[in-house]
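What follows is a pair of complexes built around subunit A, which joins subunit B in one and subunit C in the other.
Moving on to the complex of A and B:
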């Protein structure tokens, strides 16, 4: 187990340094710089432009800039945003709780709905329920997020008036964030149950929209994985031993079927951190997805490279966790290594 | 049972106390389109940041709301200008209070030190704040203020003199722009003392009608009313910016009453908003121009006849319908019609492919030629759909034998390459900064602008330049009007651009909103606005 994990960690560390080089160099290979963009249609003399570039520290040789980035990065300083003039680390961690709060809700929705549906579809193979699950998960997989979000807003916010259009909470509540997780902050600030319910209501639509794609994937993966396992000899033996259906499916089949599902959940969590751009735009959600995309269009070098490095580190950590979970769930993997 | 009753009762009390606590405040909610990059307009170039800083700051002079006319603000009256046009003397108000907030408590009123502090930060490299938070000052520099201001002298606490290096009539209009917002020197000194200089641009202290309260990243900006505002208190207790990036969602929020005012409604939603009895749309011609620049440094565009032929070949009216959805008018001059000195006597090049073909023949290209047409990669008010317009232009040009290949780049690349003159035909545009014709003509068409890169046609005409420089040197409006009208005539005959369109600016709001005046510069100003219940 130790050897297995240490091998994984070494591979992931190499990947991490590769990512820092790619993140740093790719954006600089693209023509145009932050000053050009800030000026837009305007222009200044070449001399003044050089002075402005030097003020931002982009006049140094690229190799020096890279080593400075790594050196300062190891000390927790990933530079300052060219646009907002704020430290990248602060900007990132101010936005992360919003993305995580929404991501966790979306994933909870996807797991709690997707797994039971996948299991039932596998057990009742070729039934109406199975076809219905396959059809809806395919629809969920192919749904354009932007359209789906607007449809839900028009139905639930504009016509039925039961859920808010966007944002994290009603503007009447003037709460200064402490942790950044609004579900927690409302209690810490003493606003109580009405504010908590309000925050939950604001999470429902973006949670559903963001959770739709993982829901479809988890449902399909659980179903196919369960179908594989249900054909195995030991399942037949368990039935022959007279075990209840519930016990066979819940203990013997599900535990083995979980491995690919855990992989999918791990990947879905990674994509939730980075891929929330559309959901965040529709629901005016102050997360990191939109922030990063904007930084690319604005050529905000420190944000792009800093943001990518933090996200890469987080995904690497998640990968290590997933690999560890494999080893715990499936004893065969421990023995193989 | 008792516990249940007790819980329900406390729940109701809790909700009702919350409602009564907040219902007293009169709050105006503005659904804005994005997050401000800073709370200091000196560091910004985007309208989103300017909108977020307008409630907080004032300037020496300002644009009269809804117009391009300059009027005194922190200055008591318009400045006295010396005969040689080199000295501007401002007499300042002495009754203007700085904001008192949780993070700073001022001990004095606004005075001349603050004016010096504001401009010296941007122009003096040795100023303690010059390099704080970047120190690039794009707007100040691109307006040439660094070279223009020779010195600023404090005569006494309430008198300031600006000494210029050359006479520059648009200087006063420049001072009404956002980068000239006045910051507090006392606050600056205090931040140096506590070692938090960088807070000057994120926790603003101003003199404006609203006091900055809190900014929650990408979500909300909260302001409280400034009860001591020198021009009178706003009727709102609170002003809230609810940041909503998607235009369709802003419309839905307006519809359900989650905001009173929405920035930049989508052109496709305008008809629906107009039909809604609870909402209304206000429209005005924007201070902008969309154009097609022809690079005169490249053959065959160095030939005036070719440029005129292209002017005749493009069916501009069809672009207004298809690209701007009718929310624009055809442009015949490089400045918009609402601007003083607009030359209405000029007759636009009519859409006439036959005439265009004749001109091509006359120029020695009877069969046309091949060229590259660069299409605008971003949506701008002056050209919302560059690619679609490019396709329409391509088809128009094909009718006279010009085979244009469309070229696409991302925005930074587009700016960089076109600044270096790598293009042949290029879609571009301009939105006015200060309402002065100089800001359109000199900035985009002068010989100096060719060197700087903003003159995308790379057209340098001595006669035209002389007119613009003469207009800069005098503060007599009649003389300036004559010079600019003549300059427009030269521009028309030489045709370095195809002037395409002046688009309309639209805003959407609840019917309850009264007193709002649409701003020609595209800013949203809420001082003077009220809600009718």
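Moving on to the complex of A and C:
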């Protein structure tokens, strides 16, 4: 197990190293001179330009620049945003809770809807329900979520006015963030139930939109993994022992069928990021997805550079976590030392 | 003799394929969109960038100065139907070029990785890991941030982001095939590496690659439309569905049709390719058949 894990970790660290090289090259590959990109399009005196070049180390050899980038990055300094003049790391972690809150809601939605549907579809194989579930999950898989979000807005916000169009909460509640998770902050600030419901209402549409792709994946995965397990001999034995259907499916089959599903859920972080980029743009959600898209349109290279380094390191850490859990949970892996 | 077995297996394949209702449905929809894309200049009532003065956001079935607009016009007075029809060219074109690019580059890299193994394999797989460390839409955005938004750059960015699918699949296939007897025999008979890779092994790896190409089409169209929606894809006035959708967002309340139809086109095309790909996989792989 340790050998397998250490190999995985080395491979993932190499990938992370690659991402830092890509991030480092971005500003140097982009058309135009890096100093102009960093200072914005304003005209600057030749002296200031030279001073900036020296300060930021652009006059040093590339390899020195790269190690400087890594050295500063490890100390939590990933540069300063051109637009807001604030450190990229601060900006990132200020926006992360909004994305995480939305991501957690989206995953909860995907799991609570996807797993029961997947299980029922597998149990009632080849029934109308099974075909319906398979088709719906394929449709969810093919859904352009930016369109899906707008369609939901047209239906629920424009036509029947029951859900808000965008934002995290009604403007009448002016809540200073403490944790950044609004569902918690409303209580900490003592705003009470009406504010909580308002925040929850703002989460419903983006949550559904962001959860659509994970929902489709989880449903498909649960169904196929359940189908595999239901064919096993021990399930037949359990039936033969006279156990109730509920018990056989709910306890004997489900436990084993869940192993691959848990992996998929763990790896859903990547699709949460993709979802965040599109969903936050539709719903004007102040998270990291919209921040990244804006930074690309505004050519704010330090933000793009820092943003992808942090996101890649998070994805890689989650991958390591999933691999470790998988190695611990799965007895077959535990034996191989 | 060889010919007859080949035709009969082809015949069997087509029969199975036709019996697979989903695959057939997907194929029909794809064929329809392809036909529309090929005959766009015959089908479209107007050119995609003809602007009709003062004919802004007309509702469907409206007439204006002797011009008839079946689906109405967009916010600058262009015929929506014509733009949707020409848009099929753009989206299918993006899908086609992306699949060709990532299939050929990813396929060759995967083939080399699987065939040679060792350090070549490690090197290629590490490239693969780097691309996979970021979600594909984000990776494509990163590439666009360097190259700048345009139709050609969309194709490049999406192709790179889609590379891992083909690389990994091809590598796995080649590794499964390369120690089989027929490969060992061709090696003992003195076949060169290139001959072994492309003539001996490659044809036996194609079935899953064809399936992946169909699925790659859908991924590419979806990813490119997402870039267009974010304003990082095709530049106006190119009638790309994702860009059209994003341009129409301010008018979501007054003219929802401008938002709904381009998105519906993306959805149906992507769904058709996914159904088609799934169906192909079922027909190619008898083990998975019900």
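The rule we apply is simple: the second predicted complex is superposed on the first by the 287 of 337 C-alpha atoms of A that agree within 3 Å, B and C clash if a C-alpha of one lies under 4 Å from a C-alpha of the other, contacts with A are read in each partner's own complex, and residues count from 1 in each chain.
Here, contacts are C-beta pairs under 8 Å (C-beta built on N, C-alpha and C of every residue); 3 or more make two chains touch, one makes a residue touch a chain.
A quick note: this is a predicted structure, and the numbers were derived from the prediction, not measured.
Contacts of A:130 after superposition on the shared chain: neither subunit B nor subunit C is touched. When the two complexes are overlaid on their common chain A, residue A:150 makes contact with subunit B and with subunit C alike.
In the superposition on chain A, A:158 makes contact with both subunit B and subunit C.
Using the contact criterion defined above for the overlaid structures, shared-chain residue A:16 touches subunit C, although it does not reach subunit B. Of the two partner chains placed by the overlay, subunit B and subunit C both lie in contact with A:297. Of the two partner chains placed by the overlay, subunit B and subunit C both lie in contact with A:30.
In the superposition on chain A, A:281 makes contact with both subunit B and subunit C.
Contact with subunit B, but none with subunit C, is seen for A:177 once the two complexes are overlaid on the shared chain. Using the contact criterion defined above for the overlaid structures, shared-chain residue A:315 touches subunit C, although it does not reach subunit B. Judged by the document's definition of touching, subunit A residues 30-31, 150, 153-154, 158, 281, 297, 299 lie at the interface with subunit B and also at the interface with subunit C. Chain contact summary for the complex, subunit B toward subunit A: residues 11, 14-15, 18, 22, 27, 29, 37-38, 43, 45, 131, 133-136, 138, 141-142, 146, 198, 201-202, 214, 216-220, 222, 240, 242-246, 248-249, 252-253, 255-256, 258, 409-413, 415-417, 419, 428-430, 443, 449, 451-454.
Residues 30-33, 35-45, 48, 52, 55-56, 80, 82-86, 91, 94-95, 150, 153-154, 157-158, 161, 164-168, 171-172, 174, 176-177, 192-194, 281-284, 286-287, 290-291, 297, 299 of subunit A touch subunit B in their complex. Against subunit A, in their complex, subunit C makes its touches with residues 126-127, 129-130, 132-138, 141-142, 144-146, 148, 218, 222, 225-226, 229-232, 242, 245-246, 249, 252-253, 256, 259-260, 262-264, 266-267, 270-271, 273-275, 278, 290.
Note for the complex: subunit A touches subunit C at residues 11-12, 14-16, 18-19, 22, 26, 29-31, 126, 138-139, 141-144, 146-148, 150-151, 153-154, 158, 270-271, 273-274, 277-278, 281, 292-293, 296-297, 299, 301, 304, 308, 311-312, 315-316.
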